[in-house]
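What follows is a pair of complexes built around subunit A, which joins subunit B in one and subunit C in the other.
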Partner chain A sequence: MTLTKRSDGRKFDELRPMEAKVGVIKRANGSAMFKIGNTQAIAAVYGPRELYPGHLQNPEKGLLRCNYNMIAFSGAGDRVKPGPSRRSREISMVTENALNSIVDLNQYSNAVVDVFIELVNTDAGTRCAGICAAAMALADAGIPMRDMICAVSVGKVEDKIVVDLNYDEDSAEKGVDFPVAITARTGKVTLLQMDGLLKKDEIKDLLRAAKKAAEQINKVQVKAIREKYEK
Partner chain B sequence: MSEILVKDKDIVIPGQLLATGMDYLPASGTLRDSDKIVSSIIGIASLNGRLIKIIPLTGPYVPRRDDVVIGKVVDIGFSGWRVDIGWAYQANLSIRDATQEFVEKGSDLTQYYNYGDYIMTRITNVAGSKIIDLGMRGPGLRKLTEGRLIKIIPSKVPRVIGKQGSMITMIKENTNSRILVGQNGFVWISGVNPEDETRAIEAIKMIDQESQTDGLTESIEKFLKGEKK
Partner chain C sequence: MKSHLKSLIEKDMREDSRKLDEHRKIKIEYGISTSAEGSARVTIGDTIVIAGVKMSLGTPFSDTPDEGVLIVNTELLPLSSPDFESGPPNIKSIELSRVVDRGIRESGAIDVKKLCIKKGEKVWLLNVDVYPLNDAGNLFDAASIAAIAALKDTKIPVVKDDKVEYKKRGTKSLPLDGYPVECTVYMIGDKLIVDPTTEEEELVEARLTVATYGNHLCAMQKGGVKGLTPEEVEKMVDLAVKKTDELRKLLK
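Up next, the complex of A and B:
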């Protein structure tokens, strides 16, 4: 069977409409909102601040700690439940790893930079929206970064390669979800997950598609940051 | 072939390419990636000969030796005070560095600095992020009483002070207030009357928010003179 049309009428390589804003939370050291289609993430950065439990303190460099959370009202009850879960723990961890390779916390020894990512509304691609928002929030907080980063989920629905899956496509039978985080300048991949089965060539095609999509997302991020600081 | 890709006073964001080639040197706020120079923070590019520097527009305060800061006394121990200076960890002010007087063992330290007191103090030593020593020796270092305290972005402190203190002097003169600015972005304001204090605070907040605009001094001057009757 072949996919002739996407459920929301987009082209196969078309992203959902994006919106971004920096500085949405007044009391945070840095914050940002990133919205892609019906998925909306808000990230807040606090710190560098005192790190507890003490055994996590590292005298050589600071720690980046991420917390990913889908707010209880953000989606349908079969998927979104209040409170922490195995899934949110895992996504917090992969987000942390994706961001850790771009932030430079050497001057914040023993301290922690906390990143809280809250999903207000969810329609697939949440970890990617979260990373996009977190990158802008970290920049807004003035944490030194080697590069900007953005993430997008690409995938395969039936036989077609599609970019930025929505929940219908993500949960489709035999659909493959393939979230990728790519640094803006160097084009390095810092997050790569695969939910489903793919052939070697398909992975190459997906990475190419992700890279192309990432450029568009990065433009939105840069624009949002500049909007706040260029007055 | 070296090439510079930004103009002086351009606003740059992390990861933005500033220059290629080995002829330029990366200074604060930038980093070198093989033959490229890249910005690592949001800020204003500042080109000085071969040197490329980014003046930050945002960011946390990182304690440095000899910074004069404003801190809050949060704890009192056997041999001194613990002071919050807006950094992840508290700084330490020992009795020896706090006063010239002889303090007898076991005496009540609250008579010098009590819990919740704000002090203007100097960082005498930084050894890692958890060992920060303060001292009270130096002109103008004292306990701050009867005033208001606001917090601004630490990287904007030089703009609030201005060249040779021009900006802060202007605000002081026009509002009849005493103002002390700590390098950590804590600003203490004490005026003759509350209206003047409020005007000084508004002026400082204006600088905090619009520090990158041209003609800042003029617009602050206009603001200070315009509302003064």
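Up next, the complex of A and C:
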């Protein structure tokens, strides 16, 4: 089968409309909202602050701790049961790895930088939206960063490579979901997962599509950060 | 800072130049979620709370076979305050959940009998989930308004072949008659205030949450350690009644 049109009428390489805002949570040291289509993530950064339990403390380096969570009414179908699941814990971990590759916490001995990511509304691509928001929130908190991170889910629907899958595409039979996080300046892939069936040669095309999408996402992120600080 | 705030309140003044019985600016926005059957965001000053209603089909409780089920749950997200921690609900969030829950439940504003589809077998389950996004004080009032606003915004989804069609938004509202609203009155020294900021909350010695509905009080909860004289209780109730009448107008 060949895909001629996407379910929401987008072009194959077209992202959903994006919105971003920095400084949405006053009590946090840094915060940001990132919205792509109907998927909306809010991230808050607290810290550097003292790390408990004490045995986790490292005098040479601060710890980055991420927590990804979907709020109860964020799913399109049934209510999401509150509390961590295997899925959310894994996503927290891969998010942490992606962000750890760009932050520099060497000066924060025995401290932790907590990143809380809440998905308030979802239509696929949640981990990517979460990472986009988290990276902006870290910048807003003034955490030393070597680069910016942009994340997007690319994939395949039938025979076509598409970017920024929505829920219908993500859950389609024989679809491929391929979330990627890429650093904006150096173009390094810091998160990569894949579900579905793929040929080896297609990886190159998927990564190229992701890189192109990441550039657009980065513009939105940078603009939002500038809006807060260039007032 | 603390003693400064306290001495201000003793002189009937507040740091942000409000009166003691005055709320910060309140904003209610409806339909903030495309995934929930009803939702609302309430902003009181810098405090932001969101609430959403998810409806599903389930079995009724055996002692109320012909009644739908309403459950209010709040979770104090660590995203919203440096004082909240990850993990299972702590006592603060349990109390908040239960106080908001009782205010709505005990009022009878929602006719749960109309949420019964087949007696003893199938009823609507209403999960109201309330989340603070920024805790700048007075989560009690914010959560209470957000919960009832989300219920007001709710449309019952269509059921086809025993399955809920979540994708289409329903057209029928909930059997909701009027709006139960809560106001919490806080005591600092011998002064009564409403809508404290985070800093003011630290000074609070006792608080009384009062839920009102129509001309009735429908739920109360005292918090804090300090004991209250009967006269003080009456005064707190009077103030709460006055304020809930004002708050209710915002829902119209």
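Keep in mind that, in the parts below, the second predicted complex is superposed on the first by the 227 of 231 C-alpha atoms of A that agree within 3 Å, B and C clash if a C-alpha of one lies under 4 Å from a C-alpha of the other, contacts with A are read in each partner's own complex, and residues count from 1 in each chain.
Heads up, the rule we're going with is that a residue touches a chain if its C-beta (ideal position, glycine included) is under 8 Å from a C-beta of that chain, and two chains touch if they have at least 3 such contacts.
None of the values given here were measured: they were computed from a predicted structure.
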Next on the checklist: With both complexes superposed on chain A, which partner does A:114 reach: first (subunit B), second (subunit C), both or neither?
Outcome noted: second
Checklist entry - Of the partners subunit B and subunit C, which touch A:88 in the superposed model: first, second, both, neither? => result neither
Next on the checklist: For A:225 in the superposed arrangement: first (subunit B), second (subunit C), both or neither?
Outcome noted: first
Checklist entry - Touching A:49, do we find subunit B (first), subunit C (second), both, or neither? => result both
Checklist entry - Now for A:126: first (subunit B), second (subunit C), both, or neither, which partner does it touch? => result neither
Checklist entry - Touching A:190 in the superposition: subunit B (first), subunit C (second), both, neither? => result neither
Checklist entry - Can A:39 be said to touch subunit B (first), subunit C (second), both, or neither? => result neither
Next on the checklist: Using the superposition on chain A as set up above, list the residues of subunit A that contact both subunit B and subunit C.
Outcome noted: 49
Item to check | Contact set on subunit A toward subunit B in their complex | outcome: 29-30, 47-51, 59, 102, 104, 107-112, 139-148, 183-186, 222, 225-226, 229-231
Checklist outcome for this item: Listed in rising order, the residues of subunit B that touch subunit A in the complex are 11, 13-17, 29, 31, 33, 38, 40-42, 56-60, 62, 87-89, 128-130, 155, 210, 212-213
Next on the checklist: Can you tell me which positions in subunit C touch subunit A when the two form their complex?
Outcome noted: 33-36, 39, 46, 48, 50, 52-54, 56, 73, 75, 77-82, 86, 88, 127, 129, 131, 133-136, 166-167, 198
Checklist outcome for this item: Note: in the complex, subunit A contacts subunit C through residues 24-28, 38, 42-44, 46, 49, 67, 69, 71-79, 82-83, 114, 116-118, 120-123
